[in-house]
């Protein structure tokens, strides 16, 4: 008895970008989040080239410079770290590594996990068993321990870090995808595709995957926070990213000992993590709706009304 | 049901712990340490996390190094000693000493203790001080014992300050309940939580003021400092410089850790002395002191601290001279030395306070004069792989940032390992160095001091063996109810009997 | 004037939805007295359930909004009552039963608990409620009430669950019972029983019954008066007979005309060479015998209707013909080759010739694909049918063929009504140019008027293109106008098979006759006669 | 039920064996414990002797054979560092972890369910926005940072709670509070999502039609139905707590298994690492079985 089926809707198709913008405008939180993320992304791309030198410029006489000294150069507005390097510049420069590690790990684990999950959900019991046992092994392997062992074996580099963080997160995607696939593959439209003679690959990637995708997107954005924090925890244990490379997690970990004398050292990078994850979450909530043709109208309506 | 019982027990424990007797002049204390003792094995007491707890508290040694005054090696379980004509050493043991298990201390215990250390059935680490020596032990009578060492060891009495004495019944394998002649005995050990030492009756020496010491373990320095501040502990031998803000409770002390960059002379461009000198000139050591390195730290001219025999006051710290460094580099370059080759600094995470910042700063300073420097942080095991021989084939030019601890008053514990051709951490091989080390090790008295001085100067000025940085300063926080000043030995040993209660 | 038991006056309810504000009901008024049964008749989207939701305070606000009107229960306006008083009315004075009892019963509590709760919520003591629960379960005809109270909803059959719902609703002897499509998901025979029970209970308690339905047959069977709704407006009201015999509004006329089972029956030509020969198909699911040996023949251009209630095995049979399930035994020869023994590659080729249209187009169309993608996927899978350049053109043709327009191509399924969606599903099946289409309850979920349209469409396709159909349904009248042959199934076996005239005019088996007797006729007079006959048989 | 547990045990056993084999070889590839047990000045002979003593000179496969052999007899070997049975070391630490995890998860469960349910009940409302903002922020704060701030505030500034260690009930408050934050943030979101679904379901409509009050509708009708996904996520969170809260244990000096595990791998104390993994894996297995039982308890449709 859904009311939306009363009349066929005629929604004039707008150019893609305009539509996206309209839908974003409709959700102010998501709009702000998107703008913030774009800024973060842009800074992450240009940051090291733009400010790399400045971020590394030491000044032992200006150690732990307090923030909000508007009289100084803008890069010092958030204060300076233990070597007198401008925190704002460092946060901008660190953004690149942070986002690279986090998105690298999230994308890698999501792709591998989803792929294995699709296979496990769709193939026979034997293959599924093997994959699920593999997931169990990783799941019951404490993630920090995997990280330590692998980083000891392979050495601590950004790539290895990405790999380690990805490995520990694979089961999450794997199990979610598999559970969803088991449910979705019984749905009528999948049966309909089979009746048409669609191959398993087609059914998996054209029919099942798009339905699972929103859930995975949400999961991935949540994981983004997790991965940034895990990276930070590894830095705390001294096995994460190693200086002179910087990430937000490493900055927090390094600034932690100054917490009582110079809170800003660990506070600003912490804030950067929080704001980024918050924005990602807001945006993913928006995306769930925007990606779903059934729900999309909510945003399009508001977008038009407001815009 | 079970849960309430456990909680009940916890409550009860906390209540009793909360009440501390106010008896002036004596009483229990709590000490918070950074690293838990995983063993309380006497023959491992030369390892600092173990030694800090049991060395001279539970397990005593024949001799003891005076670190507060300048008295040198002092008697402990040995009342006196002399060198026999054949070069062997005779120790006269103290009478009337008993172990905490009631048995009487005599020469057989000493012999057993020594043999136990040397036994291949365990992994006693004190053995390392007797590497390459043949020791024959002869019990003269119950309270007299001869050590004949080949080659002759002029500093055997000092070495004996590292040999903890256990009863002769002690098995060769590691034990978990140390029995010793010290003023304390182990009364409780809850792994992961605490170790409790209690003063025991029947100790041969003066009765200490501390009746009981509870050792707690917290990895985070801020937490350790906070615990003394809140009264949860009375003493933390090591806190962070940053937390040492209260002049009434926080004391700095030269902690015998010397920080340096070990240069691998085998690989170009580090095989060139101009380059090594340039490294030294490029670093503004003084700028670190009071910023990343605490005030009170001493710029190092040798790998051993100034309290060590033969330390050479004439050797001067390299000045901060970036132009000089650039010039030297230019010279070297003109002579065909590949100074452009990137040099890697290998440092160990959490090796010493502010290690990351210090290394980042050094990297920047070296880069300022034209070096290409990479910085790589590794964990303990990997660091050890870079630091000790055999070195990896195909390695590039490497500087290993390391910290070396010699609080024992004699350079012999340092020089052979770090500089002799066969030394496990030596980055070069120089016949003159080898010769000086050999002669100094065998020498005694002023001759010994002179040779060591000579070696130190030669290493610093001529070989430019490494980039010596600082003799570090540690900070301790001592509750105002205690009367205690940390010393250079506090890192490896914390004698409860030296702690007074106000 | 004495107050009516229930009077709805000038009620308007709006919803904020996709298309902006939808006026779900606009200024409707009706009333109901004790002992009376009023039916609200309408198709999906007519707003027929909205007023009852408003009565029960079940409208979520927002997105809902009551913009005008009052709902008087014995003269007191429910809409202006304090929330707590309003809540006290629910369950105690007005109770409600719903269409799909499985989802409307809480799956994780026993039915006993749920019935008890209806009473304890309104202050009855636990023990008293327990005793009353047993009595109620017995009263609604559930076997072994003592045993039943401890069971969970999923352990009952559909009809039994609706009985539980009724017991729960009647627990506090309400003055008014609202029944929202109470029998829609039930088999015809069960439907008749449930409606009879409702009538009986109404006689016993004297309550007013407000029944909401899309089915003229239900109205004819149970209601005294009827109001007809279309697009939120009340278009006609009167006694059931008046409205049926003498509809004044064109919509009502259309609705009555669309009721199935009145047209000319097919008279199939002489049996042609069979296209599909099915022999002795068997299937077990665990201990359950789903199919116990089914055989039939089907020729080109013929329609075979398979009729049976739930559990008869009709859908299992369809799924096996399309190899969605594997049979345990038997054969199905398609143009001489056994479908059950085809290799995957052979099967892939054969898929073009055998297609299926599913019951619920909402579920059988991938919600994330546009109409164009949905239909053209057929050619993506079988690229030799049509070059990509021609897809657009052909999709447009197909859409027109099934009665939609070409510019619907870029839209998503949810933007269409149920009937339109089913047309899309049919267009998709046609894209492969099949020889046989299996329709599994393809019109069951559709409104009557739409049902008629879709069946006309199928019939036309058969005539124009010579496609054969296997048409699966649970309701006999639906297949009457369309089938050449009818096969009645029950519990995995074929009960009766014959041409449509044979089965409809001279049913041989008792079960077939029972099915006919249970299916409701939209004509209240015919239905009254049926009822009388049934009562006679029962006594 | 029994046969179900048996089947589960078997498949878990396979995973467990796989895990142990993996850890055995991987950890041994990370380096030589002798170099870490002995000081840098120790001679090659001493290191050799140490390896000899602990059988580390044998080829890896031989070592593995020995290990399997002794595990079969229930002996998980001795800790290299602590000179005592590895299993004792691990069990001692695990008890603490178990308590910490159990108490934290219980509190998280109660709090997350209440907050998540209320947020779902008025979804989109102020409380909903507020609680999801707070829980998200909570879930994105590094725990070591939180731990130190908590100590500074509650132990030093306010002097309400002891800084660290064990001993009284008070000692548990800060570690639990710090551990609480992240799982709470995650589970609140899951509860909220699941409850929104449950609250819009048909049976809730029935309950409203019966006149049931809001409280019972949320916490009796909807909650039990919404619990299945919540329990799954709670299981995952509990598992990661059982694997040890390394950082919280390190900072608060809590003698749990997480720190033990990391310390042991840092020191290459392989037997302890393996024993720790074995013990936690078994605990997690038991927990998973309990979760399955909880499923069946909550939802009669799952009971067979």
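Order of writing sets the chain letters: A, B, C and D. Residues in each chain are counted from 1.
One rule holds for everything that comes next: contacts are C-beta pairs under 8 Å (C-beta built on N, C-alpha and C of every residue); 3 or more make two chains touch, one makes a residue touch a chain.
For reference, the UniProt names are A, D = ABC transporter permease; B = Peptide ABC transporter substrate-binding protein; C = ABC transporter ATP-binding protein.
Please read these numbers as outputs of a predicted model, since none were measured by experiment.
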Exercise. Which chain has its Cα centroid closest to the overall Cα centroid?
Worked result: D
Problem set entry | subunit A (ABC transporter permease) and subunit C: spacing of chain centres that average the CA atoms, whole Å | 45
Exercise. So what's the Cα centroid distance for subunit C and subunit D (ABC transporter permease), whole Å?
Worked result: 50
Seminar exercise, completed: For the pair subunit B and subunit C, the C-alpha centroid-to-centroid distance in angstrom is 86
Problem set entry | Per-residue multi-chain contacts in subunit A (ABC transporter permease), two or more chains | 152, 259-260
Problem set entry | Residue numbers of subunit D (ABC transporter permease) (touch at least two other chains) | 30-31, 148, 152, 266
Exercise. Which residues does subunit B have that touch at least 2 chains other than itself?
Worked result: 222, 379, 381-382
Problem set entry | All chain pairs that touch each other | A-B, A-C, A-D, B-D, C-D
For this session: Would you tell me which residues of subunit D (ABC transporter permease) are touching subunit B in their complex?
Result: 30-32, 35-46, 49-50, 52-53, 79, 81-84, 89, 92-93, 96, 99, 148, 151-152, 155-156, 159, 162-171, 250-253, 255, 260, 266, 268
Exercise. Considering the complex alone, what residue numbers of subunit C touch subunit A (ABC transporter permease)?
Worked result: 15, 17-20, 22, 24, 44-45, 49, 231, 322, 324, 347-348, 351-352, 354-356, 358-360, 363-368, 377-378, 380-382, 408, 410-412, 414-418, 420, 425, 428, 432
Problem set entry | subunit B to subunit D (ABC transporter permease) touching residues, read off their complex | 6-7, 10-11, 13-15, 17, 38-39, 41, 46-47, 120-123, 125, 127-128, 131-132, 173-174, 176, 191-193, 216-220, 222-223, 226-227, 229-230, 232, 379-382, 384-385, 387-388, 413, 417, 424-425
For this session: Please give the residue numbers of subunit A (ABC transporter permease) that touch subunit B in the complex, ascending.
Result: 56, 58, 60-61, 63, 82-83, 152, 155-156, 238-239, 242-244, 254, 257-261
Exercise. What residues on subunit C touch subunit D (ABC transporter permease), complex-wise?
Worked result: 56-58, 87-92, 95-96, 98, 100, 103-109, 117-118, 121-122, 152, 154, 165, 168
